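Since the structure comes first, as C-alpha cells, the remarks are kept for the end.
Chain lettering (A, B, C and D) follows the sequence in which the chains are written, and residue indices restart at 1 in each chain.
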Amino acid sequence: MANLTLVQAINLALVQEMEKDDRVIILGEDVGPNGGVFRVTEGLHKRFGAHRVVDSPLAESGIIGTSIGLAMAGLRPVPEIQFDGFLGPAYDQLCSHAARMRTRTRGAFTVPITVRVPVGGGIHAPELHSDSPESIYAHQPGMKVVMPSSPYDAKGLLISSIRDPDPVMFFEPKRIYRAFREEVPEDEYVIPLGRARVVCEGGEMTVVSWGASVVQCMQAIERTGRSIELIDLRTIYPFDMAAVEASVKKTGRCVIVHEAPKTCGFGAEISARIMERCFLHLEAPVQRVAGFDTVMPYYKLELDYLPDASRIARAIEETAAY
Amino acid sequence: MPITKVFSTEIERISILDEHGKFDEKLGKGLIPDKDLVKLYEAMVACRHLDEVAFRLQRSGRMGTYPQNMGQEANSLGAAYALANDDWLVPCYRENCGLFWRGVPMEMVLLHWMGDERGNAIPRELFCTPLAIPIGTQMLHATGLAWAAKYRGEKRIACTFFGDGATSEGDFHEACNFAANLDIPVIFFCQNNFWAISVPGKIQCSAPTLAQRAVAYGMKTVQCDGNDLFAVVKCVRDAAEFTRSTGKPHFIEGVTYRLGDHTTADDARRYRDAAEVEMWKTRDPITRLRAFMKERKLWDDSKEGSLKERVEKEVAAAVERAETIAAPNRTDFFDSMYAEIPEDLRLQRDSTQTHGLGENPSQLDGVEVRKLDHPEHAH
Amino acid sequence: MANLTLVQAINLALVQEMEKDDRVIILGEDVGPNGGVFRVTEGLHKRFGAHRVVDSPLAESGIIGTSIGLAMAGLRPVPEIQFDGFLGPAYDQLCSHAARMRTRTRGAFTVPITVRVPVGGGIHAPELHSDSPESIYAHQPGMKVVMPSSPYDAKGLLISSIRDPDPVMFFEPKRIYRAFREEVPEDEYVIPLGRARVVCEGGEMTVVSWGASVVQCMQAIERTGRSIELIDLRTIYPFDMAAVEASVKKTGRCVIVHEAPKTCGFGAEISARIMERCFLHLEAPVQRVAGFDTVMPYYKLELDYLPDASRIARAIEETAAY
Amino acid sequence: MPITKVFSTEIERISILDEHGKFDEKLGKGLIPDKDLVKLYEAMVACRHLDEVAFRLQRSGRMGTYPQNMGQEANSLGAAYALANDDWLVPCYRENCGLFWRGVPMEMVLLHWMGDERGNAIPRELFCTPLAIPIGTQMLHATGLAWAAKYRGEKRIACTFFGDGATSEGDFHEACNFAANLDIPVIFFCQNNFWAISVPGKIQCSAPTLAQRAVAYGMKTVQCDGNDLFAVVKCVRDAAEFTRSTGKPHFIEGVTYRLGDHTTADDARRYRDAAEVEMWKTRDPITRLRAFMKERKLWDDSKEGSLKERVEKEVAAAVERAETIAAPNRTDFFDSMYAEIPEDLRLQRDSTQTHGLGENPSQLDGVEVRKLDHPEHAH
C-alpha cells in the first residue's frame, strides 16, 4: 500500500494491466518517451517498449479509429486523448463507430477500448483545455463513461474499464491529478462499473456529484455542518440510479453538482430520473449546481465559472430551507 | 546551392487487357490460370445479376435503398483473388464481388440492405468487415486491423476500399498517415468511379490522378485500369507482396466507372451525360473479359447460357434465404448494445417503454389507468 | 399563399433569402445541380449560379470549417450536412469553433452560419441516417438549435436562423419532409427563435415535443380524447421555458416526447427545469417518451424504436391517472 | 501501352542566405531593400526578447503556459512582410513576429496567454485571426476567409500557418483539398520545426519533405529554408503572386527549428538531444541576418546596443499595459456568448447561480435561509 496521487494510481493500474495482459497497448500524442503531458504514462515506454506504448501522429480521429481496428482484431487499446477539448475531432469515430460496432454487427465485432482523457477546469490552462464532456458521451448508446474522483477509485475503475468488453470513456479530472494522495493498494482490485460510492452518509439531503466536483462538495458540506449524504457517481453511464434513488427516498432533498454546462449536463438526467423515481418522496425541488451555459472562460475568470464550495453550500442551504 | 531539388517522383499506370481487347502478353502471361479466370468471370456475372435483382427488389418495395456495384466488379474481385484468404478485406459498399469471392454469403449483403443488422454479422474466419455506410471512416479501422496483425507478428495485411469521394474526408488522410509513419501493412484501394453521388471527381481531387494522394505520405502508389481484371490482380499482387515484406502501406487507384445510379434513391440523369455512361459501357470489365475468354477459347455462348441459368438460381436462392429468415425479435436491438445489458436499459427493454411510470409500473399500483385500444404499428 | 410541403417551404425560404441578401451562400454535398439528396435546394443552382450554390468535396468538417471562415469574413453561409449521422466529422468545427468564436474573440469575430441537417428516423434509411442529435448541440454554449415541425414554421424559422448573428443548427425532420402540406404565405415572415408554439390548448396535461414527434403527439392526444395542451418547442436552444412553465403550472402534469435516446436527451433538461420551476404545481412526475437508450436499429425494427402514438398515449393515460 | 507514366513532379528548395552566411546574389538581389532589412531584423530581435520576458513572466507566476517562438521568427515575419497588409494572416501560436509586424499590439498576445479573451479581440482592419490553440483547425477558416474574398471579387488572399504536427490532422487535408478543388487563394505555410511537443517529425510525416503533402492536391509547393528571411520573403512573394493571379492555393514548407521547449509546461530535455539543439542554434535566423547586415555595413555593435535598449523598453511597456489592464468584469463571459443574451442565460448571469432556487429566488419568498459566511475564492 502506498500513498499515491491520482496520476500515480492511474500509472500503476496501467503498469499492472500491461504486465498481465499483452493485448493492452497504449497509443496517443506524447505518451511515449515523454510519458504524456501530465506524466500519466511515465516510465511505460521504457518498461514495455515502443511497440506497446506508441507515440502517434497528431490526429485524434486517427488515434480512436486505429484503436477501433486494433480492438476489432482482439487487442485492448488504451488510447489517450491529450485534453478534453481535443476529443472533438474523435467524436465521429467514438460515437458513430466505437459505440455502434457491437450492435451493428450483432456481436460479430466488438470494440473494447478505454479512452483516457484528462478533463475539467481549474488548472489555468489555455482554451479548450478545461471542458467536461461527460454528458455528450453518456447520450451515445453503446458507450460507457467513467470519472473517478480519487486515487483509490481511479485505479480500480481503470482496471475494470480496461477489462470491460465495451468502449469506455475514462475521464480523469486533471484538477485533482496531484491535489491529494490516498492509500492505494499495490495489489490488484477492481471497482465495478455502474456502482456509485457513498462518500459520507447523512439524513438531511443527498448531494450527487462526480469527478473533481466531489472535492468541492465535501468542502461545501463541511461548511454547512449538515447531515448530508454525498454520492459520488463514479460511472456516468451506466449510472447507479439505485443508489441515488435509495438516498433521495431517505432524504427527500437533492443537489446535483457538476462542472459541465447546466443545460443538458448529466445533472439534467439525474434530476429527471429522480422526478421519475422519487416523486412522492421529494420535499424540495432537485437543484443543479453546474457550470454556466457559457463556454469555459479563459483562466482569469475560470474560478468564476466553476461551481465552487460557496455556490454548492448556498444551494444546499436553500434546498434545506425550502 | 540556392535552388535544389529535394523531391521527385513519378506514378505509373498499369493496363493489361485494355478496353480494345488488346492483351499485354508480357505482363499478363501466367498472371491468372485459365481455370481461375473462368471462375472469376463467373463471379462477376453472378455479382452483376445480384445487382439487377436487388434493384428490382428495391423497386418493388422488398428492399431499402441499394447501391449497385455495376461496372466496378473487377476491383474488389481482383483484390480478393490476389490476397491471402486471411488478409483483411475492409470494404465500403461497392465491393460485393470481392466479398462474395471471399465467401460472404450473398444473403448477408441482401439482409444489410433489407435493414437487418444480421447481415453484418460476418463470420470472423472470413476476415471481412461489414459494409460501411459513413464515407471515409473504415480505412482507419483497416489500419488498426493491420496494426494488430503486425503487433502479433502475423503475416496478415489489410486491404481497404473506398471511393474517390472518400479521399476528401479527413479520416482518409489520417489513415494513410498513420499507416505510412507507423509502418502498418495496409493496401489503400481507391475505386475511382468519377462520381460521388452527383459530385464529379474534380471536386474531390483536381489533381491529375488520385494515385498521387499517396505521395503526401511517401507511400508507394500505382494507378490501375480498374475495369481490367488482369491489371487489378497484378497491382494488388505486387502491392501485397510489397506490403507483406516491408510492413509498409501501398496505395492503388483503380480507375473504373459507376454504370448505375448512385443508389436506388438516386437518378443520375439529373447530373451526368448519357454519352459519358455509354462510353464507359464499352469499357465494362465483364464484356471485356468475356471477349478475351472467347478469343482464347475458354468460353462460348453455350457456357454463357448455362452460367446464366446457374447464376439466376444462385441469386434467387440467396434472395429466398434473405427473405425467409425469421424476423428479428422486436427487442433484438437492446441485447447487442453491451456485452451485458445495463439495468436501466433492461427496464426499457422489458417494458418497451421509456417513461418512468412505464418502466416501473409499481408506481401505479392501486391506481386505475384507462386502457386505450391502440392498434400497434404495422410491421 | 400556397399549399406546401416542408421541403418546399424550406426551398422557398432559401430562395427568398438568397434573393434578398447576396451574403447568403449555400454549400454542401450534392446541393448543386442535383438539388440535394432530398431536393431541398432544387433549382437554386440554376437560379443563383455555381458561385452561390456550391457542391463541396465530401468532407463535413471542411464544409463547416470553411463556412466558419466565410462567416468570419461577413458572409452568411447556409451549409448543408447531408444526414444527421454525418454531423460527427463536423462536431469539432461546430462546437470548438463556430460556437466559441464570438466569445473567444469578445465579439471581434462572429459566425452567423445556419447549418441545415435532415434528422430523425422513420424513412427506412440505412444506418446513421436516422439520428436526432439536438441535445448534443444544445449542450454546447454558443449554439442555437432549431427544429420545425411544420411547413409554415419551417419557413419562418429558417429565415430567422439565416438572419441570426450566431450559429444555428437547423434540424429538419426528414420524416415529415413530404408527409403533409400546409398553407405557407409567399410573403416573407419570421418566427422568432426561442419562442414555442402552443399547438392546441388544454387543461388536463401538458405535452412538450418538437420536430416530427409533434405529429405523433397530435395523434396520441386525439386518441386519448383528453384536454391536453401541446407545446411545440420549435427552438431547442434557447428554449421557451416560460411557455412550458406557464402551461405546466396550469395543468400540473407533463409528458415530454422526443426521438433521441432518453438518457441526456433534451427531455431530461425540460424535466429538470420543470422540477426547478413548477415543483409545487406538479401533480404527477414528469414523464419522458423517447427513443430507447440504444442505437437506432436498422429499418426492420426502426418503428419499434421510435416513440409512437401508442407509447405516447399510454404515458399520457398513466400520467393522468397518477 | 501497358505501363505508362501518368504523373511526375519535382519539388525545389529555396535558400538565399544560408547557414554559413553565404548569400546568393542572383536570387537575393533587390529582394529586400536595406532599410526594410534593418527593420525586419529589429522586429525579430523584439520578438525574441518578448519571448524571453514571457518565459520569465510565466516562471514567476505572472502568466500561464506560454509557447516560445524562439528560432522560428523568420517564417511569419517574412510572410507578413511579403504579403499585402489586407491579406489575411491566420496563425497558429508561433507567429508572433508576423503578427507584430502586421500591427497586432504585443500586449494582445500577452493577454491571450494571461488567460484573457480580450487578447483575441484583434481589430478587424488588421486582417489577422487570433492565436489558435486546437491544432490543425484554423486552416479551414483561412480557406473560408479567402473564399469570401474571391466571392466578393476582392484581391485579398489568405496565408495560414501551422506546424509539422498539424499536417497529421484531417482538417489540414480538408482545408488543402477544398482550396485546391474549389480554386481558393490560400497560402498554406507549414512551419516544420521537427517536433510536435515530444513527437518527432517522422511520426507526423515519414516522407522526405513536408512540401510534398501538397502533391496530393495537385497544389503548387516549395520547400524553403525557414531560418533564412530572404528565402521566406522570396517564397511567400512568389506564392502570393501565383495565388493572387490564378486564384489557386500554394503550399510552403518553411524548414525551421523550435529552439525552446514546446511551451513553458514542457521540458524538452526529456526527449531530445542537446546536440541537435546546439546544431540548430548555429542556424538561428537572427544571428544569421545580423552577421549578414554587419558584413554589408548595415549594422554594428552600437546599433545593436541601442536596439537592445529600445526593445527592452518596448516589451516592458507592453507587459505593463497587459498587466495593468482592468480585470475583466466577472460576468464578462456571459455577455459575449450571443449577440443577445438568452433569457435563461441572463438569469444565470444576474444571479451568478445555476440552481433553480438561486436563479429564481422568488421561490424562497417567506422562507428563511441560513446564511453561511463563505469566503469568496481568491482572485
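Everything that follows uses one rule, which is that a contact is a pair of C-beta atoms (placed from the backbone, for glycine too) under 8 Å apart; a residue touches a chain by one contact, two chains touch by 3 or more.
Here the structure is a predicted model, which means the values were calculated and not measured.
With every chain reduced to the mean of its CA atoms, the largest distance from chain D is reached by B.
Separation between the centroids of chain B and chain D, computed from CA atoms only, is 42 Å.
We define each chain's centre as the mean of its Cα atoms; on that basis chain A and chain B are separated by 38 Å.
Centroids of chain B and chain C (each the mean of its C-alpha atoms) stand 34 Å apart.
Shared contact sites, meaning residues of chain C that touch two or more other chains, fall at 56-57, 59, 61-62, 85, 88-89, 92-93, 96, 103-104, 127-128, 141-142, 237, 263, 275-276, 279, 285, 287-288, 292-295, 297-298. Counting partner chains per residue, chain B shows two or more touched chains at residues 117, 134, 168-171, 174, 177, 181-182, 203-204, 332-333, 337, 344-345, 355-357, 363.
In terms of which chains touch, the assembly is arranged so that all chains touch all other chains. For chain B in complex with chain C, the residues that touch the partner chain are 64-65, 112-117, 133-136, 165-166, 168-171, 196-199, 203-204, 265-266, 270-271, 327-328, 330-334, 337, 344-345, 348-349, 352-358, 363-364, 367-372, 374-377, 379.
Taken in their complex, chain D has these residues touching chain B: 1-16, 18, 24, 26-27, 168-174, 177, 180-182, 202-209, 211-218, 223. Those residues of chain B that touch chain A in the shared complex are 117-118, 120-124, 129-130, 134, 137, 140-149, 151, 170-171, 174-175, 177-178, 181-182, 332-333, 336-339, 342-345, 355-357, 359-360, 363. Residue ranges on chain C touching chain D, taken from their complex, read 25, 51, 54, 56-57, 59, 61-62, 64-75, 77, 89, 92-93, 96-97, 102-110, 141-142, 144, 164-166, 194, 237-239, 241-242, 273, 275-277, 279. On the chain C side of its complex with chain A, the touching residues are 61, 85, 88-89, 91-93, 95-96, 99-100, 103-104, 127-128, 135-136, 138-139, 141-142, 237, 260-261, 263-269, 271-272, 274-276, 279, 282, 284-288, 292-295, 297-298.
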